[in-house]
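After this come two complexes, each holding subunit A, first together with subunit B and then together with subunit C.
== the complex of A and B ==
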């Protein structure tokens, strides 16, 4: 297999745009992506085109641009990058468990984000899932996640998924948005420079209105009920800090609850590579520190898109372009003047998108009331089934770091490697131990970052 | 075009290009496994291969993420901790 100058990890809008930008400058690139096709989560390509709705045109366009540069861009779909080591060595395993160590001259990290779900009673029941999980079922196969669906959380993504459910013929009972209606009504003030995006949001609301789907502001889900599957959801109005009024709980009979409070950047590769991280709750948590050209603190490693701070697909595509050009500059394929000329319009567009994005981040910023839903017997680590009672006992006994809490309570020790528990568990720990999130730190990132077999490693060991 | 595969030993069908979890939902199943500690049922959660809630035994391999695995003809899919959970759902 030929060795590319640049390895790009993640084939969403950031990764595809990075590859196109760098390949246009004559550089060889390899995009490695876990998915069945390029697109990432947002531009997922149907795996059953007869049943799935038509894919997003922006995704189709980016896939076509990558395909046009097939001489320069190698695409590896279904492959799993599970480690990055000294001198930019990237460990990748294919589905047949064949493992390789790639050694590019530059790496662009574009791994995207996963969803943010707080622990609450009943959240492990079958039927409770992320809006993204439901969207994936619809986008790839046209499969409905359930019959009667309630969406809850915060942010415009809930509205987008609700509309897709309506189009699929699913009965959407309601959308519960945690933030207040006045907060959302202030959005046009910040988005006047991005009227198309505002119009998109308004179109979602109109569509839900026509389908008689109520959008109820200032309400959160406080518990899910069911024996072996979800059959009802309890929700309550909240105050400005999202503390629920438990005297005004309503119960809704549904078989599916889609709950999501935003996204968490996937920083594990940056972390493993030794990139400096910073805590930025406004864009999803820990992110790699980047300079103006999206270079991380490690020479030759660039980071773009939601995986470097959640900002959505438009920003991701722009950052991908910038990272691709910055990598080309780093490798000497373009001179400074060419780079600056390419950077200026990208930066202008990023500046134009910023006010709306900032306003959305502010409206959907997590409030402390969301951490009040956990009861003693609520599972806080889904993988290891650790309850808050158990985790809190460990915290009270002095375990206030990820590593220590893992050792003493098993929380964060499971297959997801702390990705799903830690964003909220770290907040619960911080409140309990009266320390800061920054003190607690992100989960440690160790190879392998995804599940691979020992057989996938054995041939590498024999080579040494 | 439908694909035939087995789910906990029973022959079932789904359309082409379906993930294992997609096929299970299509067939009306939710639970994909029961947990090790409390034997609680679990199902699709994140849908993008991150949370590892949908681990199943597929073609003899343990702990495969069902949400990122496409059904292949003749595939043997076994719910975590054996047949009990999914077959009970089917009844």
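== the complex of A and C ==
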């Protein structure tokens, strides 16, 4: 049983850095991560080290720092946090359904983000997946997702995954970047203070060039074709608002399509804990409101990393450090002077990273044309297989909030609680009902966040 | 704010009660505007959708759960007054024809089931005595309440625990999908000429010479001939806008729901002293629910999720390995005597209540719509509403 002072949810760069910072101040921490090892999305550890590429050195370093503080840091891998209840009580269930309620004095939320995929005709066909899912296959097991792969979406993450595919020997047909080439060419203007990151991006482009993988700017996928599985993809050039020119559609024969339009912060635990949210489409949508020290509106709960606004692994690690120190101050382990002395350099570093991040957010900001791909029979909620025709009928009859739309069309009623469909469905609803995303609101979050059985809640229940 | 529109009647609150009143009014030819604001905790979206006219009025469902929690099993909860049982019974009988009418009118299937029945599981001797009194009390005037043997239960619903003494079966107590019912009533009302305005939170009532003359909402001000307060647990707040006090209190109900199982896995709706259990048309099993006074808090408590799960596993052991999908809570509009508040307010000539549905608002909705609509339009309600007038609480609110 754990009686740590701090429970940290998420073992990515944010969670690991938070644990190291707080443990260094003498506090006991428990990191809980549903993955089989620490690392999070970017520093995921291979399960099959012979075949998978070598793990990222920064990830190895963080894992080593955590390991060095094993006296203070308890790591719970494979466990799922599915709810936060009153008085900072954190519900955790392990794969064998053993369930515990932890009651720390502070909680650091570092759950990261998930990928954003817009609905378009054919998007639910087997063979269509996210770049992150493909990357996980490669990183953990060294397995290629397909033979002929097309990547589409926006942002540098596409390039990173394309390079990993090339390294694994996959034939990458092309990378389609929705934003225009001139927009991307302006990036160095904003990144002069972060030359290493720019260089990383350029290295991706060089590698793809050498592998003869075309990066085509200003194009989006408009439909995926196939009977039982994907066999072709239609894509078209777009205008500045990403509306496709349907007279210039090209068709590509591929067995795998990876679509990713950025990331959405995982805010459900913050919501359950009662933290106030604000709408910030530039960093992925709804995020917890935080003060300068990353404290949320609920005393004792801090939020760091992509789960509090998508900003990448470097920002996540810095925020983790800051949240760890802020939690230490909250618990009285360090005084104000020590805290500010630690905060200043972190803040300076965050400021240095900001211009590039802002520019990236702007270039990759979702444009309305992306919402024009949905047709009447396109599925807009995968869990319940609700089509846009059904959802729109409910919207037209007045169901313009998550709650009312769910009740009348079943969209968002499934196990994912709207986490995956609502980022786009809410935009479709806003366009249809002519209201703002803020009016429509985030999907409500209710326990349990992950799958648990009734038996996990009632191990003693009598059943003779 | 400028007057943006007019209506004979403005109905405030788009839960099942407001929708039913609007439908009944529109059907009688009145011009109706239905205003709703989506508020966390609205009872209709949280509801289990049991149509348990006999079971609930005899204190089963939530009644027995609360009773057990408060004082152990003992005598079991006392039944509600007979007039109310008759009211619910009459309302419940409307469902088959209402379902057909709504299907024709707006194409929505409200998933009203006709043959599941409610089964009250009797685990021990004390409960056995309670059960005998229930059968006696229900008498023969309402269908055929029967006592079932363990063998009979097993033959019909083999997943129910074998570790019980008997059960009481209420053949007429079935279920419906509360949200589809509400949506269908709303669209039905619109098909008959009513207007529905979503996200129209009511902020003020303009009164003059003992009448409400206009309703001010986030979506504009509506001049009106009469107002119906169907704001559920928020009914006291709406009444207060007209300087009227009514004793409506939010009563939280927490409820949990499993992933979809093969429809028909559970044939009966179950009521036990720990929880009630019903399988919905899409296959999910709903397990409810607590009955608590905690103001407008719509959170879910870990301990209550656990006790609902334990109660469900006790009744249906196979549920142990079923995945939980969601837990939530809703706010029932409660009154001190557990009876609804319906009909004209004494203080204002054209202000009517339709709230206090408490734990039976869904089954009561069809008849509630009819009697309130009749009373608004100056007609004689088909069921006497005197026992439900707000007036009865004068001594409380004076």
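Just so it is clear, the second predicted complex is superposed on the first by the 458 of 464 C-alpha atoms of A that agree within 3 Å, B and C clash if a C-alpha of one lies under 4 Å from a C-alpha of the other, contacts with A are read in each partner's own complex, and residues count from 1 in each chain.
By our rule, contacts are C-beta pairs under 8 Å (C-beta built on N, C-alpha and C of every residue); 3 or more make two chains touch, one makes a residue touch a chain.
Values in this document were obtained by computation on a predicted structure and should not be read as measured data.
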item	value
Touching partner for A:185 - first (subunit B), second (subunit C), both, neither	neither
First (subunit B), second (subunit C), both or neither touched by A:101	second
First (subunit B), second (subunit C), both or neither touched by A:415	both
Contacts of A:407 with subunit B and subunit C, given as first, second, both or neither	second
Which of subunit B and subunit C A:457 touches, first, second, both or neither	second
Partner chain(s) touched by A:448 [first = subunit B, second = subunit C, both, neither]	second
First, second, both or neither for A:124, with subunit B first and subunit C second	first
Where subunit A meets both subunit C and subunit B, residue numbers	415, 451, 453
Subunit B partner contacts - residues on subunit A that touch it in the complex	34-36, 41, 46-51, 114-115, 124-130, 132-137, 140-141, 143-145, 228-229, 266, 382-385, 414-416, 419-420, 450-451, 453
Subunit A-touching residues of subunit B, taken from the complex the two chains share	15-19, 21-22, 25-26, 30-31, 35-38, 40-53, 55, 61, 63-65, 67-68, 70, 89
Sites on subunit C touched by subunit A in the complex	38, 40, 45, 161-163, 179-180, 183, 186-187, 190, 196-199, 256, 258-259, 282, 299-302, 305-307, 309-310, 312-314, 317, 319-328
Contact set on subunit A toward subunit C in their complex	83, 85-86, 89, 91, 101, 274, 397-401, 403-404, 407-408, 410, 415, 417, 439, 444, 446-448, 451-458, 460-464
